[in-house]
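Scrolling down, you'll hit the structures one after another.
Both of the next two complexes hold chain A, though its partner changes from chain B to chain C.
This part shows the complex of A and B:
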């Protein structure tokens, strides 16, 4: 009886998304800090899984960061979103997938608000026509890009060249998964596994051979907080929240962290650097930090992509300890080179050189 | 029932986010901001629910409504399906509309936020854009970002981006026609009006403090004079 009840609850959090033909929209933060992750997503879906993921040059920001920094009104954000959906429709798609979690939360909030208040939807439809002369449409299916990788996690595992396994010991790597707050905290039924037991990243980790770490502050925010990071004098908020998470996960000795949100990998990576500079403390072994990855970077490593093609050279916390554990070959001399081996010098080392 | 409360109830985030708060304090218990700042979302929702205009006006002029990080963790946990985070967003919108935001140190930061984010959207089509993300204002971005900033074109090209390029791809140059559409959206949905209100109130405040526009920007962006922290 208890098992059946759990199965029923679990089934409420299994959303149905199609396996092909998506209109793809990018993330402002990820384009700026992890552009290779979006490139890898499109390469995996198009060239490894042979799916149709279409991108238009005409899509823009959804305005989510500005909306959650209270810089633009709700109707502005909704009309920008209506424009994105209209572009999807114009190019003949009805499935919409976004790279950003802030966008995913805002798209979900917008669709739910329109559903509940049809007069608002009608007003936005008018504003869209007045400003852009575009036909209003809504997606039949809305997905986050991590939902797609989750859906195809077993196919990726079948093509795997490397696993989330320590090659020397044969033990599964111990992995912290961090889900962006706006993935399912606002609308639990819109995320795989809901808000209590989100499975979107845990499913990838298990399929690729790793072991998911449970720790007390697993669901705590990374600390972005929009205005709490974007304004310099507020950044203590952001740092303190990340610090709380690292202190909580440290005893469980993670080998790596996987995230599905644009800001989270940036903060979990960069604040480790700041904590190291300020307090001389690092959370990994031998003075190293804990490497932080996007799910596309991990999928890429599993599939055998070159680490420097995945953009891992722009992480502040060195990824080499994790590559060594997985037995992934890499050429250190190419880490900081440009296209065709162009010499770009190299970044200064942080005070804690192992970071 | 007062005028400010009436105006708040016009906001769809109040319609969605405030049903019947039982004042249990679960939102405050789960809130990352409440741990860091002198912040209590339970109390804020209780004041709004009281419909007391004098108290709501104090709230709109206060520091406290600017402490939330909008992570929305409160929504998951509220036993009555309220959304304190959405209530905060409605309060902030009204505070800016009334010009009350300039009465608080944290509220005045909206000048810097609006300038940076709206300029990025209207000029480039992105909320965050690497050419305006200066390492001097972001030391936490690390030595890697300093290197990346120095070799921006080469490094983005190496990572498969299309910085300033035509066509699709990460950080492509968004066509002017699309940026014009964003501007028209701003003009007819209240964003341009919000920018103008924030600029007007902020420049009045700058004048009162004897600061130039640039000096005022740096003051609100970098300085904290009051004690906001939860000790």
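This part shows the complex of A and C:
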């Protein structure tokens, strides 16, 4: 990586983020894909950083999946979004932070569309009142949850119990950062570092001691693409995208992958199993895959959370090799135990030994 | 190997470093009209051979621009030199002559 060149790009795309008082909204799918990530985010921001992050049980989907799958028209998605913003206003907040990249992209797209077409904003205002009797409001500031962790990355580093460093060799871990397409590809100025080389995850990796890998298909989509995956006949296209990325990153021997999108970690994780079953190929060492994490999980590991409390047992690719590298202690017998020792069941062992 | 009901497709990435600039420049020197092609496809639509074989001058030109010489030659090897494409080309490119020049420069035979 030509570091000086990247720094120039990164300095061109910076944004000021409010310090405190956010209305937090969860993702539809992250809670089932990576069940502890959002709870970890709230625990870090509230209890470690002592910030005010409020969430409401009345929040619903942003409509992003239905919108990008052509199941609902744009105005319907906009009215759903107007309702979320109205809830934020109702609870007395001005800063809006969302957990999902697709939501972030859709919120940004909606705000920009309203700015460009005020008559459309007026129509949505009417629809919101007709359907929900809520007062229309727009956030003063819109952030993605990874922006918040990026902002406080150095404070997290100060409280860190573990670093992204191989404990045996003392070398920094080689980390692939994968940014969700909807973070900055549509509106480069809305993301840290712009669209080509977003800095949001690279900044966290550097602050926590790791080394960012620059590889040819770094900015390539993970392959989720909504209709590509949702329609079974198109699913091979989704898989091929992921395959292309892994083929490209393989020579650089990454230790782990960090992502900031709901779909990306899911597909980069699960498709490794499918590729191994189809092609008999794995991309990590000793027949294992490359472990994939959300940024909240990595922040949690760095801060010393128990790996099984972070939900790492629901990953397809086993995380133990990475935990060993970082020197993080874990109890293998508790991997598949839930609250009060409840048995969560064990997955069948696939032929690729990904688990 | 497991069957999931879908499969991997080969990457369609084009490596422009494979493009032979020297040969392309020779073609342009001999046939400046090649730069006039706007890939409308009239030649392919009117092609007699194209109904029965993989023949398309439009595709061949695009493949050459992408550095895929082998594929380009596959798209012209069955040409009958009937000249119908020359008659329909809206840019009045001498397609038959262009085709022969491509064969001459890019073919190993």
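Note that the second predicted complex is superposed on the first by the 339 of 355 C-alpha atoms of A that agree within 3 Å, B and C clash if a C-alpha of one lies under 4 Å from a C-alpha of the other, contacts with A are read in each partner's own complex, and residues count from 1 in each chain.
FYI, a residue touches a chain if its C-beta (ideal position, glycine included) is under 8 Å from a C-beta of that chain, and two chains touch if they have at least 3 such contacts.
These figures come from a predicted structure and were not determined experimentally.
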*Kindly say whether there is room for both chain B and chain C on chain A in the superposition, answering fit or clash.*
fit
*Once the structures are superposed on A, label A:13 by its partner contacts, choosing first (chain B), second (chain C), both or neither.*
neither
*Check whether A:280 is in contact with chain B, with chain C, with both or with neither, and answer first, second, both or neither.*
second
*How wide is the angle at chain A between chain B and chain C, using CA centres, rounded to the nearest 10°?*
50
*Does chain B (first) or chain C (second) touch A:96, or do both, or does neither?*
neither
*Pick one for A:243: touches chain B only (first), chain C only (second), both, or neither.*
second
*Look at A:233 in the shared chain and tell me whether it touches chain B only, chain C only, both, or neither; answer first, second, both or neither.*
both
*Considering only the touch criterion stated at the top, classify A:104 as touching first (chain B), second (chain C), both, or neither.*
neither
*Look at A:57 in the shared chain and tell me whether it touches chain B only, chain C only, both, or neither; answer first, second, both or neither.*
first
*How far apart, in whole Å, are the nearest Cα atoms of chain B and chain C in the superposition?*
5
*Can you pull the chain A residues that chain B and chain C both touch?*
232-237, 239-240, 244, 274
*chain A contact footprint on chain C (complex, rising order)*: 1-2, 4-9, 11, 13
*Contact residues on chain B for chain A in the complex?*
11-13, 15-16, 32-33, 35-37, 66, 68-73, 75-76, 83, 89, 92-93, 96, 106, 109-110, 112-114, 116-118, 120-121, 125-130, 133, 137, 140-148, 150-151, 154-161, 166-172, 174-175, 177-179, 181-182, 184-191, 194, 220-224, 229
*Spell out the part of chain A that touches chain B in their complex, as residue ranges.*
26, 28-32, 35-36, 38-39, 55-58, 60-61, 63-66, 68-76, 78-80, 83, 105, 113, 116-117, 120, 127, 130-132, 181-182, 185-186, 188, 195, 219-221, 223-228, 230-237, 239-241, 244, 270-271, 273-274, 308-309, 311, 314-316, 336-339, 342, 344-350
*Please give the residue numbers of chain A that touch chain C in the complex, ascending.*
232-237, 239-240, 243-244, 247, 274-275, 277-280
